[in-house]
Amino acid sequence: MERIGVAVLGATGIVGQRFVARLAAHPQFEIVSLSASGRSAGMKYKEACTWRAGGRPYAGCENFIVEETSPERAWAPVVFSALDAPVAAEIEPLYAASGALVFSNASAYRMQEDVPLLVPEANPDHLALLDEQRRRRRWRGGIACNPNCTTAILTTALAPLHRTFGVEAVLATSLQAISGAGYPGVSALDISGNVIPFIRGEEEKLETETAKILGTLLGGRVEPAPFPVSATCTRVSVRDGHSVSVSLRLRGDPPVEEVLGCLRAYRSPLADRGLPTAPEYPVRVLEEADRPQPLLDAEAGDGMTVSVGRFRSCGILGLKFLALGHNLERGAAGAAVLNAELYVSAGVPA
Amino acid sequence: MERIGVAVLGATGIVGQRFVARLAAHPQFEIVSLSASGRSAGMKYKEACTWRAGGRPYAGCENFIVEETSPERAWAPVVFSALDAPVAAEIEPLYAASGALVFSNASAYRMQEDVPLLVPEANPDHLALLDEQRRRRRWRGGIACNPNCTTAILTTALAPLHRTFGVEAVLATSLQAISGAGYPGVSALDISGNVIPFIRGEEEKLETETAKILGTLLGGRVEPAPFPVSATCTRVSVRDGHSVSVSLRLRGDPPVEEVLGCLRAYRSPLADRGLPTAPEYPVRVLEEADRPQPLLDAEAGDGMTVSVGRFRSCGILGLKFLALGHNLERGAAGAAVLNAELYVSAGVPA
Amino acid sequence: MERIGVAVLGATGIVGQRFVARLAAHPQFEIVSLSASGRSAGMKYKEACTWRAGGRPYAGCENFIVEETSPERAWAPVVFSALDAPVAAEIEPLYAASGALVFSNASAYRMQEDVPLLVPEANPDHLALLDEQRRRRRWRGGIACNPNCTTAILTTALAPLHRTFGVEAVLATSLQAISGAGYPGVSALDISGNVIPFIRGEEEKLETETAKILGTLLGGRVEPAPFPVSATCTRVSVRDGHSVSVSLRLRGDPPVEEVLGCLRAYRSPLADRGLPTAPEYPVRVLEEADRPQPLLDAEAGDGMTVSVGRFRSCGILGLKFLALGHNLERGAAGAAVLNAELYVSAGVPA
Amino acid sequence: MERIGVAVLGATGIVGQRFVARLAAHPQFEIVSLSASGRSAGMKYKEACTWRAGGRPYAGCENFIVEETSPERAWAPVVFSALDAPVAAEIEPLYAASGALVFSNASAYRMQEDVPLLVPEANPDHLALLDEQRRRRRWRGGIACNPNCTTAILTTALAPLHRTFGVEAVLATSLQAISGAGYPGVSALDISGNVIPFIRGEEEKLETETAKILGTLLGGRVEPAPFPVSATCTRVSVRDGHSVSVSLRLRGDPPVEEVLGCLRAYRSPLADRGLPTAPEYPVRVLEEADRPQPLLDAEAGDGMTVSVGRFRSCGILGLKFLALGHNLERGAAGAAVLNAELYVSAGVPA
């Protein structure tokens, strides 16, 4: 099988490197272009950034010549965008207009009515918004987004509960890793031995994106899920892996054991579609009293499995638990790659 | 004015050292005895432990000879106990029986019906339980407890809100410092760059102690406050200072600005009693978007002020905010010293 | 090819887990027994410890029943010992007497005259001490040691320089990771945001073991290398990977470029013997100004490659550089496994 | 006594805040102006920066209006400069020309032949270079520098040894705190759980500045101390406090006990001059095996005392030990304030 050529936009950053690491070893995709800002353009990839994604340095792409981020310079039929939101807002439409399918990690277009915001295990049908998008915008390609990192982790865990029981309210406090802020990102003087109880824009994203993802596709648009989400987002001194303390109300207030039974039995709805990045069991229930932990659990399922634990009843909302996932994989690069796999498997010609 | 002799039980530990630091400079108390386990007895204080409480090492007590913890060896009319719960369970009654007033940081007796569990700004009247305690137990002295560290911080912030509006439900996720686990306490391999989403017994303490503290003294016993508290307690890589993400329902669902007005105007009910350890404003409202933070705010008011911030409406319970306090001061040593000051100022002869 | 049965002694600790991870995937060895102290004996491996070695949890050995550490209970012809020194001092000879070949990470026998202290790239011929050992001690098996973690890293880097130029003096300051102290090991209160400028016994080990490893085998004994080593060993807040700041005098005071040329050209003397754990290039010269770093370089060569950098002239001893290696792999488990591979490849029947 | 008006240039940075904290409580000086870059000019001090210097926030200067850094806007007869080197290079001479005495923490002029580079306990006589400086440059004021932070700490410890025995060679490896890089300075992704074995320009400063400070003033110029210094400078995950592992050769190779005797008996040569910032004993010998440590010892003497420990013989240079000091106090703000006190006490009219 011939592999589909892909470009990584913003390839030198923290998320961009994760894209490169995943895609360099991908059975369906083949990196044909790495882009970055003008400052890095023309340099070898290994000279343009310090490799921070683990594994083999530069994933074999050390000698790629970095190109400037524009459809004229760095193009492929499938594009992964690790651009910052303001840059993404300008450049991603140019790619979509040029015929590329952009799988974007940026927040710029996530909440646009005609842009699918995907967690493939939760709302694969939302992919159909692309038709509407193309019609409205007269694009030959398109933009499909993955959610904010914390939202991706939370909704992966909520999806089977929402389907089985119906979620009625979610109250969440996140403890987020520093890699979520990119590089150089957070100053060591701010975060070493500290907690920063605020991440700009994050709580709003968690509240609005969750409703869209768990919403219902009806007549070419998404009806947001009707339950309230209330979030507090904090930064802690952890490298990778966002933890979320979740309290929630489920319809009918099922007992804890029934909830656990649902999650333990939950097999990915994508499990039989052969998507390389999709874990068979997207949610892993840990039994130990002191799990999940970022250091021990973020890498589960190559970063795509969300670990949950400490299910117990909550005197206020009925149920509470902890969820944890890898912010750069399930929450960013892995999420976008899985979106692209979903798209390809859906038979949409790339 | 003659100072009252005091003993510190468990003086070599993290909390014990904080007691020594506070009491060495106290205008009403004078350290006459420092005790520790048999292993340290007979040694000079400076040889029995490494000083970790900042300021002048050993607070001038470096040459005190450490005594074994027993009323025969290490006695004073006022005793501060930094003992572990199992040891406290055995030894504190011996002190109370011998006529000493024990101000205990241990959890052993906190929830006993006839033991006052005090946050002086919140429930100074609960001190009256001592009469009942003495009658029942035929002790000449007595035991008065301060709450668990996180509870102390939370209830200090809740007290004015409960008084003014009435609390109806509290949902809290804590991010607790490593010093809360004592020394050696938490392994660096467990917590460096990690979050541990479980602290044994902590959530139950937060839930039950809060109800007792904010409860009503009626006929010689405390009627617990009737609202539910639901807690998730986590450990983060912070040295000192527990953060708490709080969501709560207040009676009548007052607007955020009204809540802020209440807290900004809140002056300590103890403010005119001249208690050296009592801050005039026990709750400090921070206006910055990214506060309170352990590194910047734990030391406020010499560790006795609770910092709060990020007040905003919560789509589920009505209100949410962040609270932060010093777990070893407002949450332990400072709390017990303030309890003793309350007791002395109440005219109870020591 | 049939795999040789191996036992791991002390399999639940930090180093023991690394042994399990390496050996579970080893083409020549097959784990037949995992041992621990009596407390864990009888438990499943996954219940006896929390897995901290990364990769697949418990490396597939989760259901092994842990046995008590004794030749009667937990035996195999090849034994890897991750025991603490005092326990190793008692138990390893029992294994050696029983016919097992013990590859020990413990310090107990390292400096014994008839025990080989091996860095296979540096002194493979020292393996011959086993003959002397067996004759003297009337053991059917034997004990072969790997050095202290920092020594292993330092001598791997020094070996080619000593062979090519001759080392005349080494002055080293180490910055060692917390995993070197085992679990629970170092208290978070001691090391978070701190440096501890002392590790008991470490400097002596670095000074004496280096001389033995780089010494000469003559007439059945090792003549220590004649150059002085002076060490200062510190602990820093790093998870894995010991850094060493090295100043040294080489015979003839060769220019920096000549030293770099020697190291860049250095191919492992074991490279053609097919040892699975031996990197072809045991010493990796980094060109970046700010390398090697624990986070970026400790995992090189699956933890068996020592990274060096910042070569420059030293106004006092002539040359200085930084070296870094994985303390649990090149410095412990990987080292012992490589020793065993050397032994097997030497044709010694196990 | 009337206090001398002082200005702090670069008052919003990490070192600038330390200046403000020290000077706000200073008996001889009175802050009359705080300056920063144009971006902050016109703002209240408390709005122009987040306070990170501990103690009372903004040290009482919260409502000072920050002025732009220029002799026209922010002037005083005594000026403390916390400017970055390139800015200092341009602006400090303007102040000196305008008649101000600039006590600079910047590196711009440290190695200029006619600029005193002062550690008041080591080389108070070098202050006389100011005469030469004024003559040559036709300045009414002048510039006097304190050394690089690590150099200040090292030379404070070396000064009594050099005077008593004569230093013949120094080999040092530093483990430096993140606050040394200013704010935002080091990215948390770079340093959390890591060591960075390189700090640009630092080793050269340590080597050249040490020679100038311990050099001899002869005929209006400083003859550098003739011994070689060889340095390796690393960054570790510590907030405040630089550690230095020092090996040195002393003339006559005195025994360790004699060296310790010298340091224990060392009283500051400034002790009787009443300088508020000068500790009576600038070097504190710690006896514990595992000291000095940044967390426990950096604050000694209000940050002006250098702690030393672990004196033992070195097989190569004769002696080795550890030194530790506060990089922002003895190494920056405190150092410059002490320089100004020396200047004032020398009777030079300000």
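We just call them A, B, C and D in the order they show up, numbering each chain from 1.
Here, a residue touches a chain if its C-beta (ideal position, glycine included) is under 8 Å from a C-beta of that chain, and two chains touch if they have at least 3 such contacts.
Keep in mind it's a predicted model, so treat the numbers as computed, not measured.
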So which chain is farthest from subunit A, going by the mean of the CA atoms in each chain?
D
Give the chain pair, either A-B or B-D, that is connected by more C-beta contacts.
A-B
Measuring from the mean C-alpha position of subunit B to the mean C-alpha position of subunit C, what distance in angstrom results?
48
Where the CA atoms of subunit A average out and where those of subunit B average out, how many Å apart are those spots?
42
Mind pulling the subunit B residues that touch 2 or more other chains?
52, 192-193, 237, 239, 296
Using the touch definition up top, name the residues of subunit D that touch subunit C in the complex.
169-171, 173, 175, 193-198, 200, 207, 228-230, 232, 234, 236-239, 243, 245, 247, 289-296, 309-310, 314-317, 320, 322
Touching subunit D in the complex: which residues of subunit A?
14, 52, 178-179, 183-193, 237, 239
Tell me, which parts of subunit D touch subunit B in their complex?
50-52, 54, 192-193, 288, 296, 299
